[in-house]
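Chain nomenclature is as follows: A, B, C and D, assigned in order of appearance, with residue numbering initiated at 1 for each chain independently.
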């Protein structure tokens, strides 16, 4: 197993360990793209999710963001950063910056989709937003990483189907 | 009148000459921010729209984007670029890149709002999308510039009110 | 010949028509990467230049930027934008924004290299900077597009060799 | 003392605790800008460094990046991320992404300067690059944060002097 494959598995596992079901991401891609291409199905959508996760920039962003969520949950970060990440402060912005380094690889459609998902919060994205409200759980980065992966997969699909 | 004031007036006039009513932009800012701050009114929103238009990066983006729309409308651009801009091809992306240089000055909230407005197309943004369908009119850039100005004004307001 | 091939040829021709010799770009890639990988040669470097030019975002950025240079040279743009582009005003920035949409597809190494080339101006980049001083010629965008293509090709090579 | 002032002090202290002397950053700004404006002095340069550090996006980026360096130094991050940050792997890129969220607020001149400093590594930037070679010390983020703060201060100065 080469190093690139290692990173893919590490990023996928990091998401799953935080409660992210990749099938839920594929459903969001399907729902968003159906109006443009009614033929899309979950298998095709999952292929694009996986392809996004195979990109090194995406793996690095996922591993870094999840590590910050976990470190905050375990109170391993110093104040005032700890409180900012625990509360997912509206003006923090580093979570979105990291997420947009994912969409940045997939053209401007990905960025628009990211903004849309980030505000509308459909499906699993909304579930993670609720999770964040649970005492002790921190998903400040996971939230935006999921949005970005779905947005990137939508754009990847649209570029190939379009 | 100094040069910075010149650029502000040039950008404002360029938008108005293309049919953009700044009051309509202020209404969108109000509607988007009301749920966070019920006190916002159109006068306050207009103040933030004007402040965004006073930023040099914004003026340059507006003047360049509108010039490309007008040049396309007057068939002054070479093929294949002319056709791409006339048809506002989905994968073109330079219009969004230019627009995101506007939101880039206003934090990640501005980028998310841009994506949301770009997909939902409320109010005047939807009107411009319809305008684009009229024979002879080209608003490929105007469309995204409006989205970006509104998104930037929303973020500017949120940062100051938050 | 399919549409993607059309865009590649249009972008390549647009650069050549403005006096850009792609071999000069390959030389810059070689010189920059030699210290990391002494094996690189101009043929390999040219392969990466061509691969960068095959990317749709790059083609769109090149076609749009060159069209603005040409429109400025032919005085087809309105004031104050015409003067700003003719003089390549230091604070204009849209040229760099467009160029960075090229490097954005190739990771942060590409962005760093872009900044370096933009300031050091080696080889053909310096020649274009001198060209801009010639009366009647406008290369405000060409300048930055060249920097970005070279920087992207350097990063593309480094990612595959590294 | 209000919250914004808190964040400023937290970011300044975080840098100083990692060995960053702000006077050294002011010297780099002076050296870089002297060729454009011979009047600049270290006091003026320091004013711009401080102004950059007063921006919320900058404070968030500094606090997050330094926290990741410290967490890596204390082996608090999981593998494979720990090793990637400890070794400052060339293709990691999240450090530069974070740094560029600093320069993003200061126009394209800041981005070009960042790339230049990142490759040429003058003064304290080079010192930090050497520090990274010391066993046990991790400055993967500090490195790029310093570059970005200096580049942003240069651009801030240039926009006001220009």
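Quick note on the criterion: a residue touches a chain if its C-beta (ideal position, glycine included) is under 8 Å from a C-beta of that chain, and two chains touch if they have at least 3 such contacts.
These figures come from a predicted structure and were not determined experimentally.
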Higher-contact pair (C-beta pairs counted), B-D versus A-D: A-D
Same-site or different-site touching of chain B by its copy chain C, using the half cut: same
Chain B and chain D, separation of their C-alpha mean positions in angstrom: 32
Chain A and chain D, separation of their C-alpha mean positions in angstrom: 27
Sites on chain D at which at least two other chains make contact: 56-57, 91, 93, 97, 107, 159
Residue numbers on chain A that touch chain B, as the complex places them: 90-91, 93, 95-97, 100, 107-109, 111-116, 118-120, 158-159, 162
Residue ranges of chain B touching chain C (in the complex, touch as defined): 6-7, 10, 56-57, 60-61, 63-64, 67-68, 70-71, 76-81, 84, 91-94, 97-98, 101
Footprint of chain D on chain B - complex, ascending: 56-57, 104-105, 107, 159
